[in-house]
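Next come two complexes, and both contain chain A; in the first it sits with chain B, in the second with chain C.
Let's turn to the complex of A and B:
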């Protein structure tokens, strides 16, 4: 047991734990539902996870700075609608431009959040509850209750959802899932190896010290929300390709799925700790449960939410009790090691973050 | 030893004025720092030391005055600019990032390491710096588990990594044990020998005089005196600080020891302390001495029921008690004033009067549960007068008071519960000389009324001077109880450090 603590950081132990929970969930549902783990289910799941995964990445980097972005669902809805409308009116827009447009629309909304929070010093919880409603109301007013439908959209965007890079035994590796993986890898590297990522951790870990260290904390928080908006825009694009029919309620509640995914994945809402890998595993677990419960006739829709809620509470409780203790043990074990040992480790192995 | 080249001042501040909302913090203050010296700055709370640091670090800007670095007049607008000039500060509370590892903490402010993290290089550089400082830490561990002393070592490593020329240390020793202070001072001296100029702020004068090459005293935002190490005397420094002779510095009035009030027998708490046994009499001060980690505070917390003891007896006025909660302790007449004013003692944004009446709020409400503000105000005013709390209005929020006055508000709060035993945990930590004397006067006043005081303090001269008897603890064990006549600093220190086997002489 002690060996495990020395080899792996608490974050890695948690990720391992999440993977085993995911496997257990799959095994349980396989025994409950005949033909549970079929290709159709997995393929559909992968596009659904793609959207939540991107939003979880967005939420994670905002969480790291001790903030929330509750407006993500509205950003997804507004972007999906505005982009759909543009593609309806101008079907000739090339796909890449459409993606950039979506990210740009999202960034505008993210920038509004960021300005109010970082420069206006309004708490993010209040700000994004406000913008959650404002962006949604804008959509209601602007759309005039005219929905976007698949018939109005160019073919490529409707088909993109089903498009896969390659297929093995009917299990498709879909483009949207690939996009999520790409976003995950980029942000994993950004948080681990780029100065900006490290500063996100620093600000959430000790805001006063960050200011004393000479960071421009406002700009960093602003950037986190700007990026969150951009990723929300990207998710809006994915939402449009997945559903095609966009009404005023599009994307509602997605912000909570994103929060749930991040929290279950071990991203701390008091800032400073959490990983992209964890957040993506959290998305996987949440979405897997949601979709699996949907197929379980015995569980009513109302209980589905309750089960998800309990999962979040459980994750937070584990975080406080178990992981907190692991961290202390890990720190103690670590500090007992002599300097020479740590020197040797520095030369050799990879690092433990 | 010091040649003329080194005597040249590297940083000079002239005629600095600064006021906050009309209240003058600095009133034409002057200060100079030479290359490769430790220059101590002392003064009571509110003398303007912190403001001076904030101006040097660019956290706030002076209203007027000159700052000259290396012969050139400069303006520093934010901490980043101070850093670019080679100036760094270490604060009372180390500013580490608990979630980042040691190496990252050391290099967090480096803008020139590029945008991409090279982890292996980072760990190697960090280990190099720490080994230069002779500090043993695993650079890959998150800073979360570090002791305060280790955190400070990390901060010093950070400063060195930035090649600072000027290092400001704001009361770095206030939470360290004697041994840790020695290590810190060794670090500071080695920095000085490398040509770093150090501005050191401290409250424990013996320590400061031991370390500093020069000592400057500030009072009321003005420069009062600067003296070289060889010509400075502690009495003069105190005189300069308070502007009057403090002849009542550590004065203990002797009172007749009253009857036995409380007996504690074989008190134990798992993983904290074992077999603590002592008697407390009315009108006496029982001192608790020991190093950091001696678990004195845990005994206090156990007696007040916050972290109850697992076994042992507490006999209060002939009645055997098992104290399980603070409510119960208060009912029995035991009060505990915490060492941590900010976290455990006071509710900072609330008014002075509301803080004082908080534990007894039930007595200050009418039958509808509405707080009787007149009664509350009356109580607050009576304590203001009795303890000489300096404040504009009892409706002021506590955070606007100075440290010493906050301490008095906290003590008022517990006195208002009319305790028979008052446990004071580090009542003078971070409090200036004048306020310290007033706290001591108050202790005298309490014991004269027959209250028993248990005084937990890391300030050894204070414990010795104020106590009738001193109980010494070391790592959760009771090393002995000394009568005032037998006790001196060496005896207590050697007991506290476990250097010889002092058998408990229970009086």
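Let's turn to the complex of A and C:
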């Protein structure tokens, strides 16, 4: 057992654990529900994961800097509505421009968050609770209770939801799911190998040290919120294609799902640790639970939120109690290996003499 | 005579700071509202405002304690909803109203103990714990009532907080002022209150100087749970019916009341006098906006802005002062050199 702890990093162990939990959940539900794992269910699941997955990526990179973005749900709602309205009034807008527009709208809102948090030094919780309300009330006032309906939208955006790149046995690989995977891969590489990503981790694990090392922490936090807003805008675009009918309450509560996905996936709000793969696995688990509970007869769907909250708490508690210890073991092994190496070097040097 | 001077100087000292600013803000809002509605500034109207927002202002008291302590409780609106829903559920199943109310309060205490356990004993960040529990308790409220709405409570319950029992004062408002006085005494004039401040200022130092940090935090979360449950039941009595989404979104108002009142979000400073002034400001601001027929959603947006400004404003003035001091210092040293 100890060998396993020494070979794999705590993050990898956690991801393996998550995958086994997901498999167990699937097994439990398929024994409860007849014809559980059919193509229709998987296809629907893949579109709904696409939205939560993108939001989880957004939340992850904000989380790494020890901040929150509670306004994501409102950003999704506002973007979906504004974009829907633009497409309603100007159906000739090409798809690529529409996506850019969505990301741009989201980025404006993200920039407002980022300015207040990074340069105004207002805690992110306070700022985003405030902007959550402000963006939502802007949407309600601006829309005048006129909903966007599927009939008013150009055909391509309504059909995009069903569009798939290829189909195997009725299991479709949908475009939206592909977009989420692409976002996931880009941000995985960004966080793992790019300077910006490494700085997010640095600020999260020790803000003071990062500042002393000369990182412009304000600009990095600002950028994190800007990107989070942009991804929120992208999710708003996906929301529009998925539902078509946008009311003023669109996207409410999505920020909780995003936080749940990130936290369950092992992204820590207090230590600058966590991976995109973990966050995506977390969104898979949460979405699987939500969509499956919806189909069970034995458990009422009203249990969904109660379970979601407990899942977050459980994940944080495990993180607090277990992962911290694993990390210690991991660090000790790394230290031992390093000292052995340096000792070998010293011995080698002795022989040379 | 000396003590009187002392009192005056103390009040004057408070007025020169944040509380004075709040008072000016309050007077401006009074003036604007009075110009919209001619006989606005009556005692009756003010009492009416307190009755309308009684649930939020009661919970704002415990929120003040928690934020000064360096923690936060985001789960309060969900505890309010959960307790009220449990009460309605058991009443609907034929339980006498009194027992149903006790169950509601009991759930609030349980929620406080549960939150307190994870935060005070295990030591997890209160933000994450109470955020998760905000979702969970709301979920439990939904489990109780699903998408039904339960009403038809007994007559006495519907008037519980609204019947005038002392002149124009209804029970709920008297209760609030009683709680306010108790809270002021505890926070500002008792050993427990000093400990709350000390922990908020520097938790490590508090631990090493023998303050029982865990116990203080535990007590605060349990108090928050009880008062939230009580507020939820008052809300149910005021509305006359309970739904699963009862009180959702109230956290915005409650946290704004505390922070606008000059309580530092980083913990360690704040006073209930300021919070009382900010409660008055928010009540009258909301009423003024209703008088100018602005919608509820617009009002929520304004409160959100106020929340951000109440932290941003002091931050900015502090930085401006720092910058000015630094420039003054630079100038002086330059002059000295010359």
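By definition in this document, the second predicted complex is superposed on the first by the 336 of 353 C-alpha atoms of A that agree within 3 Å, B and C clash if a C-alpha of one lies under 4 Å from a C-alpha of the other, contacts with A are read in each partner's own complex, and residues count from 1 in each chain.
Everything that follows uses one rule, which is that a residue touches a chain if its C-beta (ideal position, glycine included) is under 8 Å from a C-beta of that chain, and two chains touch if they have at least 3 such contacts.
Keep in mind it's a predicted model, so treat the numbers as computed, not measured.
> In the overlaid three-chain picture, which partner chain does A:132 touch, first (chain B) or second (chain C), both, or neither?
Touch partner of A:132: chain C, not chain B.
> Of the partners chain B and chain C, which touch A:146 in the superposed model: first, second, both, neither?
neither
> Check the residue A:201 against both partner chains and state whether it touches chain B (first), chain C (second), both, or neither.
First partner only, chain B.
> Which of the residues in chain A end up touching chain C in this complex?
68, 116, 120-123, 125-127, 129-134, 136-138, 140-141, 256, 259-260, 263, 269-270, 300, 302-310, 312-313, 316-317, 320-321
> Please name which positions on chain A make contact with chain B in the complex.
Contact set of chain A toward chain B: 192-196, 198, 201-202, 204-206, 208-214, 272-273, 327-328, 330-332, 334-335, 337-339, 341-343, 345-347, 350-353.
> Can you list the residues on chain C that touch chain A in the complex?
Interface residues on chain C, with respect to chain A: 72, 118, 122-125, 127-129, 131-140, 142-143, 146-147, 244, 249, 251-252, 255, 259, 265-266, 295, 297-305, 307-308, 311-312, 315-316.
> With touch defined as at the start, can you tell me which chain B residues reach chain A in the complex?
57, 59, 78-80, 82-83, 89, 91, 95-101, 104, 108-109, 113-117, 119-120, 123-124, 127, 130-131, 136-142, 144-146, 150
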